[in-house]
Every structure is written in structure tokens, then in C-alpha cells.
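Note that subunit A is present in both complexes that follow, paired respectively with subunit B and with subunit C.
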Partner chain A sequence: MTKEEIIEKGTVVYQKAPLMNDNPMHYCPGCSHGVVHKLIAEVIQEMGMEEKSIGISPVGCGVFIYNYIDIDWQEAAHGRAPALATAIKRLLPDRLVFTYQGDGDCAGIGTNETIHALNRGENIVIIYINNAIYGMTGGQMAPTTLLGQKTVTCPYGREPKLNGFPLKLTEIAAQLEGTSYVSRQSVQSVAAIRKAKKALRHAFDVSMQGKGSCFIEFVSTCSSGWKMIPEKSNKWMEENMFPYYQLGDLKDE
Partner chain B sequence: MENEVLLLKGNEAIAHAAIRCGCDGYFGYPITPQSEVLETLALMKPWETTGMVVVQAESEVASVNMLYGGGGCGKKVMTSSSSVGIALMQEGITYMAGADVPCLIVNVQRGGPGLGTIQPGQADYIQATRGGGNGDYNVIVLAPNSVQEMADFVDLGFDLAFKYCTPVMMLADGVIGQMMEKVVLPPQKPRRTNEEIAEQCPWASLGKPKTRGVNVITSLELQPEKMELKNHKLQEKYRKIEENEVRYELTGSENPEVAIVAFGCSSRISQKVVQLAKEEGIEVALLRPITLWPFPYDAVKELSKKVKSILVVENNAGQMVHDVRYAIEGRIPVNQYGRFGGIIPTPMEILEVLKKQL
Partner chain C sequence: MGKIHGAVVVDTERCKGCNLCVVACPTNAIELTQTEVNHKGYPFCHDVRPDACIGCASCAIVCPDACITVYKLKEE
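Let's turn to the complex of A and B:
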């Protein structure tokens, strides 16, 4: 039986989001990026915003998100996506404008742009993938790397005296007057994915209602960077990341 | 609004001209000696009239990246800053050059290096004319020498930026920014609608309709063969600009024995030098490059055939003088006179230097 025949019979219970194209993804097995991409594509489609969405991609593994979701994109300099989003949304207020950024991008080099865009209450959504490591450049320490966590630039484990502390950017975002909805989610299980999708939809809705900035962190895995098989990555994330980066809504006004 | 004649500072003229030429957005950060641009826009509230967006960003890095976002949507966007801030903006400028994004950046130069001084300077010539950031690229550089040109070059800058899909820099200086002159402002042009932008800028990321493919604004290409091709296309664009967009002004004596080459505030001072020299019986021609890139090499070369020597006057330690020497290929002597660190030379002191090389 061909794919078309199955679809004709009306027996489809799950399908790839139509906004996702057939380009082969460059992500490693076990990576959270692909799942979050899918959720973005699904939510844009469900909102009917396919023709009115503009995404801003980061520098880092997520840079090529524009190769996978068929909407208009701009590829920002490292950390500057919220600045681009600010201008785009101000100039095109009826568009759905969101950034997609990793922890190095959003919480390291771009902290200033992130905080000020949020604090101005720009009606944008910042999607923040926190996998506690620099994935694309080969597994270096990120601002969010946990204490004791080993990376190639803290091979003996992150140590506060040498490397400072893991940054809770989402907690900072929640304190800013300009943010309307701030949440921390994950995508390692079906239940988590469903919750995450609801949060994403809510954020997109809030930004289109002009209520202020939305910030969603996805606590994520990086199997290659962590040097773990995907299954172990999920377990390590649940046991080590979740206690420090606690899931749930931090602010919903 | 019809033509209007006003007495304005150069920086204020930029703000007025931006609104009148249908600019969609200004993104800036305060820095002396150009803060009047943002201040004037804030006072005039164009968002209530033309709908122009005005944002005070958190830094020059943010404002230039706001330009990248706005320009990527095909909007007429601009910023202004001064030397120290322009240095910070180089990241965004190279990205926009690499991604073929149009925009206008005004540099009201002050003396450097480092924090330098808030007094005028012209020491960003090399940075502006050689690209300024990483990679092989150029930006079109316009050098106004009057308040009128501060206004006129906003519209011209946007025309060139969109004609070639490239960042354009107006390289002004603290003298032109701060001095007041009479200026004729043009009638109000309407801002383009999104539909007009979609038609005129088919590359713009405005949201993807079903009728076209995805528009991605990016400077990234990992395959070296494709990246080399992209570079070739950029270079082809630059050759076209060099062919079509050279602008300069030749004034002074028609039978000169010596010539001055100067831009911006230095060219205004040099106008007086030409006059003082004539009173002493010395015939001097003044060549003022208006586009610093593309540089008027041919005009300088032609001029060098009519004079015995050239004096380059610029408020730096010797930057444009390299382009002048390159143009004339050692045919005649070329000297440079510059004061810097915020000092503006007097016409008398330049005349003395000129006399020594006769």
C-alpha cells in the first residue's frame, strides 16, 4: 500500500506538519531541535499564519531552521535575533515574528539584545533552546552549563571560581515589565511535547494580541555534545537539568 | 508638505530629510556629535504622520541589527552614529553587505582612536571605504560638505541602497553635523506600502505568500563553491557601482598650477584656501570627492595632468592620500596636510603649507 492510498482511506492518525519540507535535517540523533521545529510548524499552520510569519534564526545549530520550515526567514548575527525581531515587528505589526535561539546565542553573546527586547515589551516570541552546551562548535561550556558538568572547555567540570554559575535567563525574563508570558518547557516525552505545544501556541497568540513579549525556554538535550546516547541524554536531562531549570509557566499575564 | 526653506543643523537636516523621503524606520543610540538626529525625530513624532518608526536602541550593536531586520523586509531603514559607535556597527554592516540588504548608515565622525574626542574628525575614511568589517565587501560612501547635502544624501543614499541592494554610508563629520545653514527640504514622499515593497523587492522577507518560494535573508553558505560564487556576484555588483556611481565636484581655477583634494569639512575650509590663494596670484583647483567609495580615480588622474603638485587636506593622519597617490601613479608629487584629535585647521595655515610645495 502506498502513502497516498493510506491517506485516501482516511486512516491517517499522525502526519508531518505540512509546513515542514522534505530537506534532510542536519541534527544529530536525540537532539531536541527537530521536535521544537515541528511544533513551530504545526502551531503556525493551526493559527493560519503561514503567509504572515517571519522567523529569525540564530548562529549555532539552529541556524539552518530556515531550511526546514517553509516561511520567510532572516538569519541574524550571533545573539542579535531579538534586535532584528524588534524592527520587523515594529515595521510589520500584523506579522507573527519570532526568534529561535540557543543558550550561547540568547543567554551569552546576545543577553543584552534579549533583555532589552523583552523589557521594551516587543510583541515577539523568543524561543530559547537550552541544552547547556555549545553544540555546533563542538561542545564547549555555555552560560547555562551546570556546575560540575564536563565540556571541552571545562574538562574537569564547571567550577564556580573559574567559570561562574549557570544562568537562569528565563527567571530574569519573568521579572521584566515588558514580558507577558514566560515559560519553561521540554520535549523529551509525548506528554512533555503536548504541554510544550500548548505553551508555544499560547505565546504566539499572546504576541499577536499585542500584550507584550513572550519567552519560552526549552530545556533540551545535546547527545553529541554531552557524549551520551539519546536515551541516556533524556535521563541525564531529567535528573540534572530539571532540578535546576524547573519546568512550568513562570509568568502569564 | 511642499519645498520648505529652514535654518538647520546638519544633524537636524538628516532627521527632516528622513521623514520627507518616506523613510520607514530609524534606529539609533545617543552619541556626540550626532544625537540631534534621534532628538529631532523624537520631537517630530513621525509615527503620528507618515507612520515612520523611531526606536532608541540599547546599543549601536542593536540598532545596526535592527537595520538588518528592517532592511531585510525591504523597508527603508537608517541609523546614525559617530566613529566609536560605527566601529561597533561593523558586525551588522558586513552581514547586510553579505546578505544584500539595503540600508543607510550616517557616521558623523569625531576624532579617535578609542573614545578619542567629541570634536570633529575624518579619521574613519579607511574604515568606511574598505568595507570596515570582515570579508571582501564595500559600502557606497557619500561625503556631504553642507547641511543641504546632509538632507539631499538621505534620499540619494536610499536610492543607491535599493538600486544595488547594499548598505550605504553617509560619511559626515562633527563640523557638518553641528553647523547651521539654510537648507531646502523637498516635498513629502509617501512611504511605500507592503504591496509596493513586495513588487519592487521580490527578495524581501515580508511573509511568504503561496505565489512564491521562501525568502531567506542570510549571508551564510557552507559550501565553498557556492560561497565563492556569492563573492563573485558581490564583486560584479561593486564593479557596476564603480562604473556608474562615481561623484565628485571640481571647482576653483581653470588653469591651476596646484590642486587640493579634500572631502567633507576639509573641502569647505579648502574653498576658502582657493580664494585666499587667488588673492595672492596662486591658481588652485579644488577636487572634492563626493563618493569616497567608489573613489573618483579617473578625475584625480586627469587633474594630475594639469598641475605640478597636489595637496590632500583631510582631518586625519593621512588616509585619502593613499587613494590620490594610487590614482596618479607617481606622476607628480602628492603631499598631505591634516590636523587631528578634533583640531580643525584654518585656511591660513593650509595656504602656508600649499605655498611651500609650489
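Let's turn to the complex of A and C:
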């Protein structure tokens, strides 16, 4: 049987979500951002919320997400996405409002906004991409950089005496009264991606039901920042990030 | 039970040659090009053993650039 016959007579098993447009993504080869973008587009489509979703894009590599997914977007100042999301959700409560932030944006400059928005129990979803490094600016040490991990600003490895300890923002979020669903996921394999998609769907559903804030972390790779090929980055993440940032649901009420 | 045939179509201009699809493929049906590159200069994914494809869509699910479409046909 030829390829043409299979395409003509067969069924489509997987295709790019129609909500994603044809703009080529600016991310480095193998970047986890792309997979999370796909999941967001697929989940919004499944929920039928194409016309009723508003995303807040961050400062960082993820800033151009508004170029790739055809829903309404608003760009926030660095770290201020949860504050903007709060305003949008309060003005338009029937919309699905979510922020998409990296670890520098969410756990670095915007920790204050993140924690207070979650503590107020705003009905928003915060999608937090944790790749343990500042990818966009050239691989500097982030609050989430692991102990001993080498970056351009800690070339001998992160030292707790000098640089402190990696921040577990998801654990902090789980402690807050305002949060309803807190989860940590990853997107390095087919099984992990399927699980992450379910978690994302659940988070969006919970926020639309008005049960409180949802916080979902994606442990991700940064091949360029870590200076590894994508395959090796995934392996490095499994070996080094997962023991510290343990996957699973931390809170589901 | 009929044999399952799969086919992958790659948007080669969108592909960045990250190799994650090749690692994810359970039947080694796809590989990166050795000598050919796209307009951006990246080697791209193509099906070297189309008969081996079972249409499981693992490659498409892990693709960060959403450049793979997968078709499946069950032979009765």
C-alpha cells in the first residue's frame, strides 16, 4: 500500500490543532515551550472556548505565544501577568483567563503577584514553565536553578551559601488557601504529554467552575541554556530535575 | 485482524531537526536527513521506512513545532 493511498483512504490520527496558526515558532529546536503551546491550543479547542479565552503572555522566551495561538492575548509587564489576569477575570467572569509564564517571570520578578493572586483565589490558571534557567537572556542563573547546576552566572555550579536554594513555587502555591488545583507535570514523552494534557484540562475546568486559582507547573528543558542536545536535555531533566521537582498533583479540591 | 498502515507527512519547512520524533518512534520509521536541509538550514524529519509506520502518532505528539501529521488505515 502506498503512502498516497493511506493518506487518501485513511483517517487523520494527529494533526496540528487548527487553533495554532502557520507562523513558524521562534523557539530553539526541541524546546518544551512548543509542546505546551500545542497542549493549550488542543485543550481550548476541546472545550470549545476559542472565542472566550484570554491569555496573558509573559516576558521571557514565551512572550511571542500570542503569535502562535489564535485567541485573545494581552501582554503584561515583566512578572505582572497574574495582576492583569485578575483584572480581566473580574471584568469578564465568563472568559477563560490564564497566564503563561516562565520561571524568571513567575518565580523571579513576579513572585509577589503570583502568590497574592493565588492567595486571593482568583479564578485564573497560571501556567508556569520551569526550565531552571533564564533562557531568553542567555542562560543565567534563575531562582529555580538546581544546586550545583552550572550557568553563565554561576560557572562553578549553584552554591547555596552564595546563591540560596532553588525555589519550589508549586509547593508554596499548594499551601495557599485560595488555590484549588496545583499540579506539576512534564512534557518529555508521549505518556507525560498525555498526562499533562489531562491536568491542563482539569485546571481550565476548575477555573471556569469558579472554585479558585489553579497553578500548573511544567518541568521543562532548555537545550540552548543547558548546552545539550534536546534528547540529552530530556534525560538530564529526568535524572536531575525530577528528584527535586517531583511530579504529580499537589492539591486537588 | 487486519494490518495497520500508517503514514507521516512532515511540514519540512517548519521542522527544526530536534530529533525528538526519531527518538519517540517505536518502529524506527523516521530519521533526520543526512545531507539535505530546509530553507532555514536545519536537517529535517522524513520517513525512511514508510512500511514500518503503524500510525501511533508518537512522533507528532512529541514534536515541539507541530509539523507532523499522521494518517492511519486498517486493512480489512
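Definition applied: the second predicted complex is superposed on the first by the 243 of 253 C-alpha atoms of A that agree within 3 Å, B and C clash if a C-alpha of one lies under 4 Å from a C-alpha of the other, contacts with A are read in each partner's own complex, and residues count from 1 in each chain.
Simple rule for what comes next: contacts are C-beta pairs under 8 Å (C-beta built on N, C-alpha and C of every residue); 3 or more make two chains touch, one makes a residue touch a chain.
Quick caveat, the model's predicted, so the values are computed rather than measured.
K.L.:
If you stack the two complexes on chain A, which partner ends up touching A:M1: first (subunit B), second (subunit C), both, or neither?
P.N.:
second
K.L.:
Kindly classify A:P243 by the partners it touches after superposition: subunit B alone (first), subunit C alone (second), both, or neither?
P.N.:
Once the two structures are laid over each other on A, A:P243 reaches no partner at all.
K.L.:
Using the superposition on chain A described above, determine whether A:R90 touches subunit B (first), subunit C (second), both, or neither.
P.N.:
Only subunit B is touched by A:R90; subunit C is not.
K.L.:
Contact-wise, after the overlay, does A:G48 reach subunit B, subunit C, both or neither (first, second, both, neither)?
P.N.:
The answer is neither, since A:G48 touches no partner chain.
K.L.:
Looking at A:G10 after the superposition, I want to know if it touches subunit B, subunit C, both of them or none. Which is it: first, second, both, neither?
P.N.:
second
K.L.:
Would you mind listing the overlap between the subunit B footprint and the subunit C footprint on subunit A?
P.N.:
Shared contact residues on subunit A (touching subunit B in one complex, subunit C in the other): none at all.
K.L.:
For a test of understanding, state which residues of subunit C touch subunit A in their complex under the given definition.
P.N.:
So the residues of subunit C touching subunit A come out as 5-7, 9, 13-14, 16-20, 23-24, 42, 47, 50, 55-58, 60-73, 75.
K.L.:
Which of the residues in subunit A end up touching subunit B in this complex?
P.N.:
Touching subunit B from subunit A are residues 50-54, 56-57, 63, 66, 70-77, 80, 83-88, 90-92, 95, 112-113, 116.
K.L.:
What does subunit B use to touch subunit A in their complex?
P.N.:
Residues 24-25, 27, 53, 55, 57-59, 61-63, 65-70, 72-73, 75, 77, 91-92, 95, 99, 194, 205-210, 214-220 of subunit B touch subunit A in their complex.
K.L.:
Which stretch or stretches of subunit A touch subunit C in the complex?
P.N.:
Residues of subunit A touching subunit C: 1, 3, 5-7, 9-17, 20, 24-25, 27-35, 37-38, 189-190, 193-194, 223, 229-231, 234.
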